[in-house]
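To start, the structure under review is shown below, and the notes come after it.
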Amino acid sequence: MPTPVPQGLVPKTTDFADRIRANFKTQSAMTTFGIEMLDVVAGHTRLEMLANDRVLQQQGFVHGGVIAAAMDSACGYAALSLAAADREVLTIEYKVSFIAPAIGERYEFEGQVIKPGRTISFTEGTAFAINGGERKLVATLNASMAIVAAPDA
Amino acid sequence: MPTPVPQGLVPKTTDFADRIRANFKTQSAMTTFGIEMLDVVAGHTRLEMLANDRVLQQQGFVHGGVIAAAMDSACGYAALSLAAADREVLTIEYKVSFIAPAIGERYEFEGQVIKPGRTISFTEGTAFAINGGERKLVATLNASMAIVAAPDA
Amino acid sequence: MPTPVPQGLVPKTTDFADRIRANFKTQSAMTTFGIEMLDVVAGHTRLEMLANDRVLQQQGFVHGGVIAAAMDSACGYAALSLAAADREVLTIEYKVSFIAPAIGERYEFEGQVIKPGRTISFTEGTAFAINGGERKLVATLNASMAIVAAPDA
Amino acid sequence: MPTPVPQGLVPKTTDFADRIRANFKTQSAMTTFGIEMLDVVAGHTRLEMLANDRVLQQQGFVHGGVIAAAMDSACGYAALSLAAADREVLTIEYKVSFIAPAIGERYEFEGQVIKPGRTISFTEGTAFAINGGERKLVATLNASMAIVAAPDA
């Protein structure tokens, strides 16, 4: 496999999943896109978007920027799941590769921490289009995340 | 300057601006974000978004994915402006760097072709937050674009 | 795992491993770095470099550019392994992330095709520093590769 | 121009150019490639490589990894020129785009700080192949750099 996923990632808080789910609801962009959070575990999250007509490009596929935004959020929350309670996560940069057209009944977006750090975490994201029983990889992302003091910490 | 912009880019069609403006209107994601096209010239486009509450992340800044989507569109249309009439443009990949928080009264997004090609064009994008008279760089993007046969060509 | 590796990648030629090993020997940069090719299978290659003092940066670690060059070559040959006999592979672009300092007795570099294509292939690379029995991830790369007609084809 | 270069970048030290030139000499990879430092000013550096047969890929062009390593070094030193005396610079990640084949009598590599930061600086690099009087853009790079405490500070 291209990138080995670290085993035994240990969160610094016990309530990270609740805090992440609450934080996610404050991102109006995710609501606008119709994206919901499915899973949060230490170092990993999974989001879902049902097909909808607010997020398309000129050919009727999902706009690449929406796909990227979803993977970026998934990766940011994956990094946040391992951070201390008084930290927040800012995306420094990401690269996204568009592997296949994004056309499906629904979409899943996963974010995974590859290397957690005190000040920078490396993450990888994947996007899948799902039609019936088929789950097809449509895009990948890798992002470096800055772990910084939360403004209200 | 980091990347010299090529001079004398020559479009292959005379009606590229009209075709691009029509194509832009079919991207529902751009409408959802409230993004409009300001300028189209050969090898360069400029988009605008007024501040709105549909595109935010948890701190009230514009979501990075929206910023990236806008620059991606600006770059894609910049590439399309130089393509033959029977071609369309697909983003292969892009990298986006988040230089500063995106908070402004309005935003501008520019896309520029750095190296046009028959099958691949290299482009660069910039995003600015504008407050009063100040125009602040908030993000940069660089994207490689595939120039392919349009489905209905 | 972040990126699922496609199963059942089918090469278009039977002699790809021999051609790749011969081609690899013509890259003087690889010889200069002391890099050798270990494995070539369909869609995947593995290179090796023993520690040497020609490839270092100011702190005595292997220079990031050398690490990246090795992963780029591994990925390029992974893409070439699936191409037709009259094709060659050119790197369009790559992103490399430096996960940990590269200091080891020897190094391994893997390249994997994530999505083969007729004109563009997507690949991912990994770099490991090896000390005794420990194999530590030090960098990742992802590259898009253009599949083009070979000049002498 | 795609990315506006900040004006009035102010170095925190007066001897940065001397320290950078001394540091550069300790990178054996640069010596191996035959790369020398031409200019160092606040936020910008320029390197040079004469054509040589130690750095080639299979077609006789300069290996992309060498091009990238040179731009990475140029950008790292550009960031270091603005850092405090007790800091050093580590590359977090970079993306490199290969615009044109690198074939020339000599090559120049420039690094420019786009946004200096206390902990992270954003930089952009360019590579040129020079033949007679022609200076042709062959690659671009953008890198995020971590500004960290020097081990011996």
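Read from first to last, the chains carry the letters A, B, C and D; within each, the first residue is number 1.
Simple rule for what comes next: a residue touches a chain if its C-beta (ideal position, glycine included) is under 8 Å from a C-beta of that chain, and two chains touch if they have at least 3 such contacts.
These figures come from a predicted structure and were not determined experimentally.
Enquirer: If I average the CA coordinates per chain, which chain comes out farthest from subunit A?
Expert: It is D.
Enquirer: Would you mind reporting the rotation angle for the C-alpha fit of subunit C onto subunit D, rounded to the nearest 5 degrees?
Expert: Roughly 180 degrees of rotation.
Enquirer: Give, as an integer number of Å, the spacing between the C-alpha centres of subunit D and subunit C.
Expert: 23
Enquirer: Taking each chain's centre as the mean position of its Cα atoms, how many Å separate subunit B from subunit D?
Expert: 27
Enquirer: Per the centroid of Cα atoms for each chain, what is the distance between subunit A and subunit D, given in Å?
Expert: 32
Enquirer: Where does subunit A touch two or more other chains at once, residue-wise?
Expert: In subunit A, residues 92-93, 95, 97, 144 touch at least two other chains, as defined above.
Enquirer: Using the touch rule from the top, collect the residues of subunit A that touch subunit B in their complex.
Expert: On the subunit A side, the touching residues are 23-24, 26-30, 32, 53-59, 63-66, 68-70, 72-73, 90-98, 151.
Enquirer: Quick check: in the complex, which residue numbers of subunit C touch subunit A?
Expert: Residue positions touching the partner: 1-5, 95, 97, 99-100, 110, 112, 114-115, 122, 124-126, 137, 140, 142, 144.
Enquirer: Which residues of subunit A touch subunit D in the complex?
Expert: It is residues 92-93, 95, 119-120, 144, 146 of subunit A that touch subunit D.
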